[in-house]
Structures are given as structure tokens and as C-alpha cells.
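What follows is a set of structures to go through.
Next, two complexes with chain A in common: one pairs it with chain B, the other with chain C.
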Partner chain A sequence: MVRFKNRWFLVEFIPIPSDTKILSTPPIPLSRSSTEPIQLNLDGKAIYSALKQSVLSNYGDVGWGAVGLSLSVKYFSPTTNVCIIRVGRDQHKIVWGALTLLNGIESAKFIPNVVHVSGTMKHVQLAAIAHNRTVIARYRAMADAFGKIFS
Partner chain B sequence: MKRALENAQPSANFKERKKRKLADARTIAVQSQTTTSAVAGTSRSGPTVDNTMKRLPGAIDVEKFAEARSFEINAMKSAMETASSASTTRAWQILPRHLRRRAASHNPRRVPLRLRDKARAEMDPMRRKTLGRAMPKLGKQKRLPKEVIFMRRQRDKRWLETHIWHAKRMKMENMWGYRLAVTPTEKAFRPSHRASMRGSILHDASYLSLVEMKGPQATLKAILEICCDAQDISPGAKRYTSGARVCKTHIYEPNCYPLGLICPITVMWKSKPSFPSQPLDETSKSKKGKGKDKQPIPSPEASNNTRILWIYFHPSVFDVVFSILRTSTSQILEAAGREGTIVDVELADIRGELGIFEIMGPKSNQVLRGALSPVMAEASADFKKFWASLGNIQSCGSVPGGMIVGFPVNDPRLRFPPKNAKVQLPPGSNVSPPIGVFPSAGLAACSIWEQNVRNQLKKPRYETKHINERRSKNLIPGTPLNPLRQDDRIPVMLIQTSVQPSTSNNAESIEGWTFIFPAGWSMAFFQQLTYTGTRIAGQRERKTQAFEAGTAYFPSDYPATSAYQTYALARAKGEMAKWTRTPPAKRANYKKLGTRSPWIPDWKVVLGWKEMPDELLTDEEDAEDVDMQGLVTTQREPESPVPAVADPVVDDDPPVRIWLLRGVEVSSIISQLSEVLVPGQSLLSTVNRLRAKRFLEPLEGTVKHEDLLKSALILVRITICSKGSSSDLSLVYSIPDAELQEWRKGLTKAGVDPIPAEVEFVTLPDIVPAPNSIIGYITTGGFSLSRGEGSAIGAIALIRLFELQQQAQSRFRLSHYVKSDKTLFVKVRDRKGHQCRLARIHVLQN
Partner chain C sequence: MFYDLNIPITTTISNSGSKKGKGKQPQATSSPHFTAAPLSAIDAHLDLLIHLGYTVICFNQTVNKKIDPKIHVNVLNEMLDKLKPRPGILFLKRLSIILDEDSEKGFGLINANTSYFNSYDILSLVPTNQATFALACLTHTLPSPLTTHVISIPLTLPRFPFYLKHTLIRTAIKNGAVFEINYVGALGGESDSVLLEAGAAETNGGNAKRNWWAAARELVRVTKGKGLIVSGGVVAQTDMRAPRDVANLITLLGLSQDAAHAACTSVPKSLILRAQTRKTYRAVFSEPVLVIPEGYSAPTQLPPPAVSDTFTASAPIPSASSHEAVPGQKKRPLEDDAVESNHKQNTSATASAQINQSGDKKKKRKKNKD
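Then we have the complex of A and B:
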């Protein structure tokens, strides 16, 4: 029995503020005041088209021909910039490479950070939950640390 | 054409709907941006020390970040749950297995109320349309009433009172004139075993045959002593005649001990609180009077010497046992008649008068305590003490063995559903206190023995619907009903039972209670007990309980009885038919394997009363093949020129019937016999001594002691030393000395005390044993869950047992090994396989 196997990517798009120079350490988002949120104005479709362009330019028509049938963006959240992308298993390296080489869409610049790759949607969802929990924990620890300094 | 189109449309709609539903279930919710003003921020962030002073981190920001992330977490979780449940589970699959009903997929009424809408939605819409009849079905009045229909189905078999409950959940079979449950339909082998070890498990045993005997105590005692086991304590002993305990013994043909074993029986005397005022005569011959033949004339109530006793036993041998009792009775009455005494003995068949449940397992005490509500008003102090401590004991082993407790209970339906009692240990200790009450006639007194009481209770005073109406009138819903004066009070009896190899307690025994109540109340008590979480056992579970406890189970482990013959023949027929139906490539080739009797154990050949059949070479093709290829057969038996003709010299029936040496004193008898040079003589004298104990004459002079010894079988327990388990009808071989050395070398190499799973022999299992070294067969074998290794119960020839013991003795003397014990070793070969396994053998105390 031939099974079509997939790979699911959990990607987070880390936004780069437009006025920042390329630093050695990534910038702190908290350095901005809350009145100016970093919005990427992204959409599932926008990501798909950006990814397509990236594959076409880096891997050519051959690359897109291999990948195009199975590629799809399953989930994207504008608030957390977390995205779940599905590709076929034999072509996932192409998409991974194209994703890494993607550095922005039109005006918005970002760094894609692939958090997890797996064969089922369920494990990607579990990884997303775990990732969110570590982020929350990190923020909390940071807030505690700051609080202690100022108290 | 038109209909096809009609059908096509709803199914297309249905498919679309299902797809949409599935897609909905799979999408993950996204938090809309407009609701939150702040952004979650990125994950890659680390504090840099030099910037901390300039920027103020807001605590509010962290919370908003956390909120956005947590929304995502929840969305992911719910998406996972809905996705899996939307595609794979139906409404009835959400229910646990024991609440699922057949036909729930197309009949939503079989599903609990809360899931009914869901089930209805999941149904095929075409089917739903046909089921939802707007017009009611007519002709319901013309139908025959249910009772008539059910009675028609019971012409050739009888149903138990709990039949319908069992029929919905268990595989049923016709056995011994009843329709009985064999095993539950759901997978229940391990859960039932766990329930008998740690929980509680119930078996409806109302099919057991009951016989009532009435008469003077001494006469009844004499009647029983003629036919019961001579090694056991007599059923007329003082501890039993007071009615405080039951007597578990075996019944033989009258005057034939030890040759005509029939079955195990249980004897219960009606309690006589004012004991022992009557003189207990040792012999019936001292009575004076004329003996009358048994007539159903009730003995005068005024006589204070009339006792009643009940005997219950397996239904497959009812006719035999009843006729034995009749013969014994007439024999005793004749003897009394010769003296001139007037003696009246009444023998009655009371099958169907009582319901019997067997509840085994440690939790059975709490279950019974919670399910039954005894009438405390007239209860004795002893009983109150007993009832108070019943809920606290953690195993029935702490109750004196065979103890009978009789008491009236209120209608069980009043306090439905029941709550299990909780064990309350005394403070500061882990062990529950012992029961604190000794068996006594007063404790065992119960009005269930009276026929008129039972007759009154055959029909309950209030039907279930009346009781439900009463319950609905309760002011506070859910409170149990208080028993009224008109409510029934049902006399019941609890008897402590245990499944164990001998009278002494051991760790493997399974203890429980036998619960006896008048007929007509089976369903009421059954429902009460089932709602406590007790599992229900069928015949297979009952057999497994006996196997795990290491005891013989009637009829499958009693090789010398006629009931066993019937059972074995029926099984052989079924298996042979199945084997013949199977194509040769898919079934075991018994000829090639050298299994000379794969269907039924040939005890006569094993004991030497019959020549070994040369069937292995009667098949012409096989013989020619072998000869033509010039190969030597691996079978070492002598090739006789005239096969399969009965030798006229050797009889079909041995001079002494094949008999089973069993009883409480078996191990001491065997050790005594093994020291003697001529064990046959000693065996005969032992048998005569036991017979004299019961005032039977010694066995007739025609019985030669060699024949008696040669016809004896003995039950053994076989434990495999290496991994693997043996199944039923496996062959047991004795091992020649030289080979045994090799086996033991392999065994000790594995370690001092090897775990069976780790022991492996490489070449020894392939050695083909000589067919004349078969010493017996295994009657019940398998993997024992409680021991974690293969275990079996079988029977071997007594002479061969002595040979094994001599082998062990000589080994003991010449042993080179430090750890030399006197265990007896044998080889066991599955009838379908060719590999032999080393096994240890112990004599089974039964």
C-alpha cells in the first residue's frame, strides 16, 4: 500500500523592526513601547505566496514542481506569528531551505524560526503547546527578574 | 432509476455534511487581532543588561503576551480533541464496554438518554426514516404472551432464572439439561482472574442438583458412610451434624470404595440448636425395629431425632448419585429391618427450590455487607457481631472454613442501588481483626429449610413496579425505602467456600461465599449484586479459578469417573470433527508426530491393560513411502505383523476397574508405599483398613493386589521448568537416567533458582521419546496467571510414580550436585508438537 507521508513544520516568524540594524543578538521586543506593536500584517495566503516565490527563486521550476502539489499553510496566528505548514515528506528539505532563505514579505521583515518538524499534525500541535508554555514561562521569569530589580 | 436518483441525493448531502463537519473539527481557532491591543511578542528574547534601565517592562504586557499564547494553547488542545472524536468515535463508543449494547448503531434507544441525540444524528438518514414510524404497529394484542414463548423454548433444556441477563452478555451453551453461560462476550479472561484474586466475581450456580434426606440421625449417618470417602472425616461427625459447617466430600458407589468414584458432593445438615441431646450411636445395628422402604410419608415432627440434610453436587451425575443414595438407603433399612427397628427415611429431589450464587474474591465480604440488609430485630447477638465484622475482613480466609450463617433479609429491591461497605481497619494496624464468631448451630439456623416458607416466597409480595412507585413517592428522592410489615422477609444462608487443593489453607486458594436463597428471588439478588461492580463468571471462569488454585475441577480433572468419560468423549468428537474438516496442510499430522491418541487419553494403554495400537503403520501410503526410501522410522516400537486386531488374550476391561487414588491422606499413603518392597500388598491392606473404618467388608478375595496397584491413577501437578506451557491432553513421559543427567545439567547451568522464562535447552527437547515411556496425560494445562509459568494438572499411573521416586532416590544417592533435591522430573510433550519439555511433578492433594 502506498502511503503519502507528510512533514509538518511549526514555524514562528520573529519580526525585525524596520529601523534596527543587524545586531549580533536579536533585539528585545520589550524595548519598544506598547503603543507601537510589531505587526507583520501577514496572512496564510501571503505566507504561501511568499514561500512560493522563495522556492521558485532558490530552487527553480523543478523545485516548485516537486513541492507545489503538497504544500499548504494550515494555520497562522497573527497575534503570536505561529504558523503550521504541511509538505510531502520527500520534498520537505526543499521547503525548509526555502523557508530559511525567506527574510520578509514586501515591507515586513522577519526571521522564520522552525520550532518543530514531525510527521503528524497531532505532534505539531503538542509541540506548539509546549513552545507556548516555555515562552510564557520565560516571560514570567523575566518579569520577575525585572520586578526584583525595581522593587 | 427514479429511486436511484432519490437515494443518491440524500447520501451526497450526507457526505458533504460529514466532510464539512470533519473540516470544522480540524481547524484551529485563531484569536482575532482586534480583541487584543497588544501583540504576543516573539519568543526569541533575552535580556541585555545595559538596556534595562532605559526601558520599563510593563507587567501588563507580560500578561497580554501570556494571554495570547494561552489562547493558542487552548485552541490547539480543543482542535486535537474534536478532530479525533469527530472522525472516529460514535456515540456508543464513548460508553465503557460494559454499557454498550448490541444494535446501538441503528437503534438510538439502546444508548443512554444523554447520548441519544448524538446517536440519532449519526445514524444513516435513510435508516432513520424507516425507523421513525409515524403509525404504530398493529396486532400487538394478538401476539402470544412472553411467558408462553419462553416456555416453548425450554422444552429440551431448562433456563435459570437469570437466563435473560446472561443471554444478553454471555455465550450460552446447552449443558446437562440447562442452558448455561460459558464465558462473557467481551474479553474477560484477565479481568475475571484479577477479580477472583483482588475483587469479587459472581457465578450463578442454581443448576446444581439438590437432594434432601430426612430421617433419624444415626440412619442418615450410616447411609452416608457407606458411600462417602473413607479418608475424609465422616459426614456424620459431630462438627457437621450440629449444622454449623458444611461437609465437602466425595461420593462413591456404595460398598465400592475406592473403586467407583462418582463426584464431589457437599453435605449440609439442618441446624439443631439443642445439640447434642440425642445419643450418637456408632452403628446402625443397635437400632431395633422394622425397616420400611422409602415412602414419601413425612416423618413425625414430634420425634426429636429426625434430622434433615441437603446434599448438592454437579448436575451431570444427578441420576447416578440419586440412585446410589436410594441403594444405600435400602441397604441400611434392610439391615435395620433385620434387627427389627422401625426406621423412616425420606429422599427427595429438590432441584429448583433454591437459588445458589457463588461469590469469590476478597471484596465479596464488602459486597455482601453492602448489598444485603438483614432483619436486625430478631437477630441473635452472635449474628450482630458477625455482621458488624463482615464488612471489615479483607479475605474470606479469616472466616472459619465451611461456616454456615443463616439469617432473614429484607426485600433487596428496597435498597436499590446498593453501596459497597468500606473496610475499616482498627487504628494503628494494617491487618483486619478476625471474625470473632465461631460457627454454631444457632448462627446457622434459618427458615429456608421449611418447605412452606419457600412456597410462600415463590411469588414476591410486591412487584418491582409497585416498589418503584413507592420509591417515587419518597419525599426526598434517592433515600432507600424502609421495609414495611407486609414486605417479604427472605431467609438466606451464607456458606464460606474455598477453591483449594486440600483442607489446609495455602496461598493459592480462592475464597468466597456461597449464597443460598429460595427460588424466585434470583433476579432481585442478582441485580443487587451486579450493581456493586462484581464481575460475572461463566463456566470457563469457574474452571480457571480451580486451575489457578491448583485443584482438580470436576468433571475435567477426574479421569476415572463416568462423568469424565462423557465429557472427554464429547470433546474428542468435536475435536476430531474439526480436525477432519481442516485441510492437511493446516492441521497437525498426528501420525508423523507419533501421538498415538490425540483425542482422548488412553488410560488403559498407559496402565498396561491394553496393547499399544500400531495405527502408526497401518496407513498403507506411509508405510510404503518409508520402506521405499529406505529410511528407518523414528518410532522405536516393535512392528507387529498383524496390526489393529484386538488381542484376545488381553481383555478390553481390566479385571479391576481403573480407579483414582485420591484423598486427604494420599501423600502419607504414597510415602508409606514407596518404602515397601511390594507396594501392592501394602496398598490393598491400606484400602481394607479404610474400608473397615466405615464398616465395609474388605475387598473381595478375587481382587489381586497387583491388579489393584496396576489400575491406580494418581492426580499430579506438573510445573514446567523452562519457558512454555503445555495444553490439554499433552503427554507425560518418564525420562531415562542418562538423559535425565543431561537435562539437569542444563537446568543447573541456568542458575541456582532459574526463572522458567530464562531456561533454554537446545538439543534435548528434540529427542524422540519411546512410546512405552508414556506415564500419563495432562487433563488441564495452560499458562497460569497467578504463578507466571506454565502449569498443568494431570494424572499418571501409580506404578510409574513409584518408579520416578526410585529414580529420584538413586539420583539423590549418586548426586554430584550440591543442591540435590528429591523432585520428580518428567518430560511433557504437547500432542501437536514434537518438542519435549522438562517438568516437575507433585502429587496433588485433593
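Then we have the complex of A and C:
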């Protein structure tokens, strides 16, 4: 049977507050003293259009034609900046590359970090749960460490 | 295990006060090169790298043209002491020398300066014209205390500076060198300032991107996917990418998926091990140990010590000096479990070399295994 197969990406967008270079001062969320993540004002539609722009500028109309019909953003969580994207299997590399080459949306800059790639939605959901767990654990560890410094 | 072998660390040497607050370094005195602010920025940078999944991180100090131990201090030692301790992460130190026409006569990579170079784990060269490229590929990749194991061709320059001759590249790879691709160019991000000043990198983001794609593709084509490593070269945090993302980007250059993955994992791993051979004699890792089987009685007359002497001398730490040269002795104890198969290859190589007494064979075997 010739089934249409998909690839599901689990992407985490790591926000970068401003133009921080390696040897300048502003801290980034992971090493911030407060445990709140910075809010990027994104939503599914904004991500989709940014991704479309990235595919168009890096791969042209041909690339978008290969990808466009099957690309969709299925889930986005503003609190953890985690996104689930679905693409067709044959063109998933194009989208993956375009995602990596994405730098930010309008003013907000971020690092796209593809955490998991899978063929089924179920496994992506499981991966998302596991990822959230590790991130929360990391924040908690940081909070503990920060608390210890002051106690 | 993912490797990022190029985290550029810059310190200014010019007289003008830098906005980063680092002092001049006229001579090798212990002026504080890193104040608190850049250190916290470096810590933040490292946090992000570790979050993305890199476990081996190599700091890169870049020097233009000539290297002079009196002027160029190893700032990385100092910096590493001041960083937050992170268990489970391996930090390495690397030195890059940018070569151009002025460096053709010599740029300080001489035996007299070996002790200075030993403070770095990896040495690398950035050639910018055909002659220095030939020099880098042929002479500086031979095993010695001064081998530069990484050749980093500037990929964002507008006119690709020189023709990549296939034979040169093949010799370099056979000798164990690797060619480096810095993925920061793909994103049009900012490169190391020393490179920019020396004209080895392009400032304009869009042009840099276009040149990078063309040049990197050419490099992949000429090396046929062997002997390539991918590393960061990232200065601004916005350009950092997770290792698997980077591997996917490299597949777009025409590299197959497993070769791209190897360029991020196994090739840097063997590179680091190979770089440790700078501290050994002629790239021999282990010392030969004699194992005497039970029931063997030593011959009453010892054979002439010529063969055994050369090999006890060549081992980094010669153990008991009463080694007998017993040519038929094939039994060797297995090295520790932590040792790579490279090491085993070297011990069998030394066994055969004992018979053949040829250092070149040792080298060839080791390189074939790589």
C-alpha cells in the first residue's frame, strides 16, 4: 500500500533576549536567577508563516511546493515554547533545514532546537512529556541552587 | 556524545581599551584577561551549549599570522580556572593560526616553542592562499609534537581563495588531519572577530551565507565526506544550533546522513585522541609490555640489546629496562577497557615494528585504521 507517511517534529524554541554575544553581559533564561522562562509572543500561525518564509527564502518556490501541502503546526505551548510540526516524510529534511536556519520571528529571536523526530504523533507526545519533565527538573535544580546561595 | 570543537574566545591585543574590559597583553605577565562580566557571558553561552546537548566543548584562541609565545599568552588556561565547574562536560583548549602570505616563511610553529604549544590540546591552521594551504596539508600534518590536526578553510570569503587540490587533501586526511566546517556561516551569523579582522571571514550576513553554501559544498565534494568535522564557530548566542540540527544541515551539502552524523560524533572523537599523540613519540600511544608465557625459560645468552633499546626509548614512559627482544612474542596484555581500538592497533603495530624496525610502518598502520 502506498500510504502517505508523515514525520512529526518536536521543536523547542529557546528565546534569546537580545543581541547577546559571547563576551557580553546579559544573561539568558537558562542561567537566569529567576526561574521563569522569557515569554515569546508566538502562536501557531506565526510559526507557520515564519517557517513558510524560511522555506521560501532558502529553498525557493520549488521547495515550498514540495512541502506546503503537508506542513502544519499542530501544537504550540507558550509557556514552554514547545511546538509540534507535521510534514510529509519525503520532504521532512527540507523543513528541518529551514527550521534550523530560522533565526527568529519579527523582533523575537530564538534558537530552534529539534528535540525529537518521529513517525507517529503518539511518540512525539510521549517525547514532549519527557522533555517537559527534564526542563522542569532543570528549573527546579536551578531554583534550589539559587536558593542555597542565599540561605 | 556531541562535540563542538570551536568556541571562539577572543581577547584584544590592541592598545585601544576594549569595551569588554580586558587588558592589553604586551608580555606574558599575569594580567587578568577575563573580568567577571565576560565570564558570566561565557558561562551563559556554555549553559546553552549544554542544554542543546554538547558534551565536549573546545575553546579556540585565534591568532593572526605569526605566533610568538612572548606575546600570545594562553588565555584559555586562566579562563578555564575561573569557569563554573561542570561535571560530565569535557573542556579542551585549541589554538588557531591564520596563515597568509606573510606566514609563508614561518610562523612560529617550530620545535623551540613546543612547550608553549603543549598547553593546547588541539592545534589548527586557517590557510588563506594556495601556498599556505599546501604547507598546511603536507608538512604540518605529519606526526610530531607540532602537528596541526585541524585545517579550517575560511568558507565565507567571497571569492573562494584557492583551488582545493584533491591530492593535497587526500594526503592530509591520510596523515590524520581533518577539515573543519563551521556551521555559523550557514546562518549568516557573526564570526570570530579575529577572523574578520584578518579578512578570513565575511561580515555581511547574506553574502556570507551564499559563499558558505558554495564553499562548503565544494569542500564536501573534494573530501568525499571523509575527514570532515563540523563545529560551531558561534559567537552570538542566536546562531547556536543543536547537534542533530547541524547534522541535518550538513546533509544538505551533499553528504550522506551517516557521514554527516559521523562528522559530528566519531570523527571529532578520533581527532581528540589523535591530538593526544602530539605528546607521544611518532604517534605511538602505548608502551610495549613484555608478557612471558608460563613455562618459558629465558635463554642464557641475551640477544643484542639494539632492538629493545630503541623501543624502550620510544615509549612515553619506559618501564623496566630489561626488555628482551623476542621476535616471536605475539602475546600482549589487552590494554585497559577505556582505551580505544586505536591503541590496540598501535600495540600490534609496535610488535610488528619490533620485527621490522620501521617507524613508518607504525604510522601507516595507525592511519589505515583511522
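Operating definition for what follows: the second predicted complex is superposed on the first by the 135 of 151 C-alpha atoms of A that agree within 3 Å, B and C clash if a C-alpha of one lies under 4 Å from a C-alpha of the other, contacts with A are read in each partner's own complex, and residues count from 1 in each chain.
Criterion: a contact is a pair of C-beta atoms (placed from the backbone, for glycine too) under 8 Å apart; a residue touches a chain by one contact, two chains touch by 3 or more.
In this text, all values refer to a predicted model and were calculated from it rather than measured experimentally.
Asks: Return first, second, both or neither, reflecting whether A:6 touches chain B, chain C, both chains, or no partner chain.
Replies: A:6 contacts neither chain B nor chain C.
Asks: Looking at A:14 after the superposition, I want to know if it touches chain B, chain C, both of them or none. Which is it: first, second, both, neither?
Replies: Both: A:14 reaches chain B and chain C.
Asks: Taking the superposition as given, does A:113 touch the first partner, chain B, the second, chain C, both, or neither?
Replies: In the superposed model, A:113 contacts both chain B and chain C.
Asks: Please work out whether A:122 is in contact with chain B alone, chain C alone, both, or neither, and reply first, second, both or neither.
Replies: Touch status of A:122: first partner only.
Asks: With the two complexes superposed on chain A, say which partner A:143 touches: chain B (first), chain C (second), both, or neither.
Replies: First partner only.
Asks: Looking only at contacts as defined up top, I'd like to know whether chain B or chain C touches more of chain A.
Replies: Of the two chains, more chain A residues are contacted by B.
Asks: Considering only touches as defined above, state whether A:93 meets chain B (first), chain C (second), both or neither.
Replies: second
Asks: Which partner chains sit in contact with A:133 here, chain B, chain C, both or neither? Use first/second/both/neither.
Replies: first
Asks: Kindly list the residues of chain A that each of chain B and chain C touches, one partner per complex.
Replies: Common to the two interfaces on chain A: residues 14, 25-26, 28, 30-31, 111, 113, 138.
Asks: Inside the complex, what are the residues of chain B that reach chain A?
Replies: Those in contact with chain A are residues 26-28, 30-31, 33, 36-48, 51-52, 55, 57-62, 65-66, 68-73, 76-77, 79-80, 83.
Asks: Contact residues on chain A for chain B in the complex?
Replies: 12, 14-15, 25-26, 28-31, 34, 37-39, 74-82, 84, 111, 113, 121-122, 125-126, 128-129, 131-136, 138-140, 142-143, 145-147, 149
Asks: Using the touch definition from the top, list the residues of chain C that touch chain A in their complex.
Replies: Where chain C meets chain A, its residues are 7-10, 20, 37-38, 40-45, 47-48, 51-52, 186-187, 190, 234-242, 244-246, 248-249, 251-252.
Asks: Which positions of chain A touch chain C when the two form their complex?
Replies: 14, 16, 19-28, 30-31, 93, 96-97, 99-101, 103-104, 109-115, 138
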